[in-house]
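Have a look at these structures, which come just after this line.
Paired with chain B in one complex and with chain C in the other, chain A is shared by the two complexes that follow.
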Partner chain A sequence: MNLKKLGLIVTAVAAVLVLVTTYLAIYYAPLPATSVKEAGDIMPSVEGSSVTVSGFVTGLNITDLRMKDSPAVIEFSLADFVDYQRYEAAVAAGNTSSQWWTVRPIDVKILSGGFRSTSFGPDITNDVHNTTNISLSAAVTAGSIGENSQALGYYLYTPETNSVVISSSQGGFSAMTAPIAQKIFYFHMPSAWASYMGFIVTLVASVLYLRTRNVKYDWIAMSSAELGVLFATIAITTGPVWAKQEWGVYWRWDDTKLVTTFIMWLVYIGYLSLRAAMSEPTTRARVSAVYGIVGFVTMPMSLLSSRIAPLLNSSHPEVIASSTGSLSAQAGMTVGVAVVAFTFLFVAMLIKRFEIAENEEELEELKRVIGGEE
Partner chain B sequence: MMAFVEIAAKDLRIELRSKEMLSAMFLFALLMVLAFRFAFDQSVNSGSVVVSDLAAAALWICFSFAAIVGMHTSFAKERDRETLEGLLLCPVDRSAIFLGKALANLVLVFAVDLLSILFFALFFSYDFNGNSAPVIGIAFLGTVTLVLVGTLVAAISVNSRAREVLLPILLIPLIAFSVIIPCVQATRNAINGQLAESMGEVQSIIGFAVIFAAVGYLTIDYVLEG
Partner chain C sequence: MMFSSWLALYVAYSIVWLGVFGYLTYLFLRQRRINGDIKALREEVSKHGK
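For the complex of A and B:
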């Protein structure tokens, strides 16, 4: 049968592309050195490169080695200004331990002044305090990092205190602090894309069913909704894995993107429960088509929420149509391949699921014939 | 186009005669507020929970669940008493049935809203900082959106076997962002006398009311068919 052949080809292409995506994500795509929102300004590549970030100092620890004829080592974390007020409130309440941050504070190590050499620049050990606003150009260095990290990772290191600017004005930065974890993005975002595609197909098939009453559209709507839920499940489980590394928490309830996506997922689970609770095929098709249309309200809310974020508060990174373009060329290509791969995967699974729906119908038909109802 | 008022009047007349739903919803609201009173007894007394925050959250949980209890029957009853066919045979637009049912639900649910607010004021000895009028206003606005989407989903779920369970499963995700989140925020601001800061929420509630009214108006034909 024609559809079967097409399904086979699409499945093969999807399998190859998913493997290529995996390869590219692991070996080809560079670690994200870019910031989330002000890409290109900082971190062209991770290790060894110099980046400029600004933020406020927290968790300050100065090891004064000057008595031993060495510069002082200043270690601290640089936190995001987005959370500055929350940080101040936490300090006022005397409790910073249970706080979390939009971007987990970046660990910084500075060698400051001292008697040894003028090349270390001016002595800033007296100027840096907790909550000091600074911006600094520092090298991204691999090694054991400060109090915010349990493991080996990256921190910013500058041996030249000339590159540290202490300012009073609040700036803003969003630099990624967990570069390796970002790899999951190459599966997270395409899954989300496939789920959006699934729900759009459900909407279109539902409308077409109501117009034409062709039962095939109902099967497409059902298959596509099931796949949409599957891919949305992948997206909302891979997201927290990354968020724990990057934000320090698995989930943020004040983030519009996360919440709307979660609600969208619930709505389509509702769609599947509704279908499961009805046995009469034409009523099921008709009624679930309407819910498929009503529930679609949640999809654009989820898709667009990081675009209209300034209005609604979201720290979820935006990828497509971002004015600054936050991906490097290699990463962009990897995402491109990943999206194509997941599109093929979606189509392949949709064809397979549609065939199963057809077979189920045939089975019902046979049961009716054997049962002698016709 | 007054057909929908007739349908609403019919539903309300039946309700006033039997008082089936009203008494159930009344008791439901009473017990919900009572449950909140018991659950937050310590926290309210010790001041670890701000009563204005609790009021906004508790009231909207009461409203939503009382509405689910009430709206569930608006089509279920017609189906059980086999009067749905009669209703569908009426020489009126199907959308008039939708609007009529929604209007009847609005009256019932809003009555229960008022009772819940009253119970809350009594049980917590709380006067809403003297801002009960805007609180009631937000309650009305949110209830309009709630019954529009609720009536449609009740019509959808009445076709299924497990309709009592299914209505909340289908409805709560839809009202979570369109009603509960903005209404709780707006109610909290209203209690604190800062309703002006909640214009964004109010607009979003009205916007969703328009969206759900339009979707319901356009699709109810297909739901009620057959």
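For the complex of A and C:
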């Protein structure tokens, strides 16, 4: 099988997988757990949907009417425990709008116990207290039941307690603040993966070039670096779109992951610029190979920076091989398909770019023949 | 702000698709130009008996 045929097959597989990824990301992957920041933005856009929310119970009010054969009505405001402290300070300071960590509690209403079918779940009236750390799935409902829902026009409601989980420790739940924008992750992370793959291939091909002086390795290194920059650009631009929703700011210069990834991107832009600035093929290949090897040091810096966040400073989510991070089965499958899709996409593009590099060499050769003749 | 979360999703997906298809288009056009140049030069070489 020649390279052209292989390229076509890989391209076809990549196209199908990318379409499947898009479908899975939008329709199949569930909304992640959400916390309470910017609830006013989140809730209208998911009205009627069930969202999983975790947080800190405050302003609890239980109306227990079980003597009248009715379930107890548990109402409270749900806030993020850590940010709630900041929220109170911000309210006291009269400023709740301009800081990325500012939170706004969500009012929640749960029906519990009473003479109802057990399928509604256990009675939790004795388990919920102010300061309880709680996680629940509830429907976003238009209306107001408390101070916060009056402001927002929405509250969370569930007649069931099956989905309620009560934790003994504060901060025991993970939470996202922008559940819909989180679906950006299904393309952001595979793009970053493809860029890392590109820079690894550049490293290997650069080493092989220096060992063998076979110009084909130089073409592979160049093609791969170009693709690495493309996918890194996609990752670097989609990340801030998510960050604006999740963190409230597009970029954080104090975040190690973001800064190291930006440096990596600049280094490989430099690699391509360096190649463009040199016309002599052998010198260009040799210098580029050395640069490709030295510049690779930025790749593990970027990849590992969020894993050693306690030592450094990064709020970037850690997804794979994490003891704290976790994905649902559907989300995990979507990520898996996305990574395979982008791997195929990368290989398909690499084959195509390599073919072009070969053709460019042929063109240069013909120009040399013409030039020599003249 | 009601659709900001959805809008962010669409913007991000557009960036991905524009990036991928933009690059593929660039590759396609570049390939076409190179093929054209190669064809022209081959004709020129054969015309001169090389």
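What we mean here is this: the second predicted complex is superposed on the first by the 231 of 374 C-alpha atoms of A that agree within 3 Å, B and C clash if a C-alpha of one lies under 4 Å from a C-alpha of the other, contacts with A are read in each partner's own complex, and residues count from 1 in each chain.
Operating definition for what follows: a residue touches a chain if its C-beta (ideal position, glycine included) is under 8 Å from a C-beta of that chain, and two chains touch if they have at least 3 such contacts.
All figures in this text were calculated on a predicted structure; none of them were measured in a lab.
Once the two complexes are overlaid on the shared chain, A:Val241 sits against chain C while remaining clear of chain B. Of the two partner chains placed by superposition, A:Asn133 touches none, neither chain B nor chain C.
When the two complexes are overlaid on their common chain A, residue A:Ser77 makes contact with neither chain B nor chain C.
Contact with chain B, but none with chain C, is seen for A:Met278 once the two complexes are overlaid on the shared chain. Counting the residues of chain A touched by each of chain B and chain C gives the higher count for C. By the touch criterion stated above, A:Leu230 is placed in contact with chain C alone, chain B being left untouched. In the superposition on chain A, A:Thr202 makes contact with neither chain B nor chain C. Look at A:Ile263: by the touch rule set out above, it reaches chain B but stays clear of chain C. Of the two partner chains placed around the shared chain by superposition, chain C is the only one that A:Lys183 touches, whereas chain B remains out of contact. No residue of chain A is contacted both by chain B in one complex and by chain C in the other.
Interface residues of chain A facing chain C in the complex, by the touch rule stated above, are 18, 22, 40-42, 44-45, 178-181, 183-184, 187-188, 191, 230-231, 233-234, 237-238, 241-242, 244-245, 345, 349, 352-353, 355-356, 359-360, 362-363, 366-367, 369-370, 373. Within the complex formed with chain B, the residues of chain A that make contact are 210, 259-260, 263, 266-267, 269-270, 273-274, 277-279, 282-284, 286-287, 289-291, 293-295, 297-298, 301, 311. Residues of chain C that touch chain A in their complex: 1-6, 8-9, 11-13, 15-16, 19-20, 23-24, 27, 30-31, 34-35, 37-38, 41-42, 44-45, 48, 50. By the touch criterion stated above, chain B contacts chain A in their complex at residues 149, 152-153, 156-157, 159-163, 166, 169-170, 172-174, 176-178, 200, 211-212, 215, 219, 222-223, 225-226.
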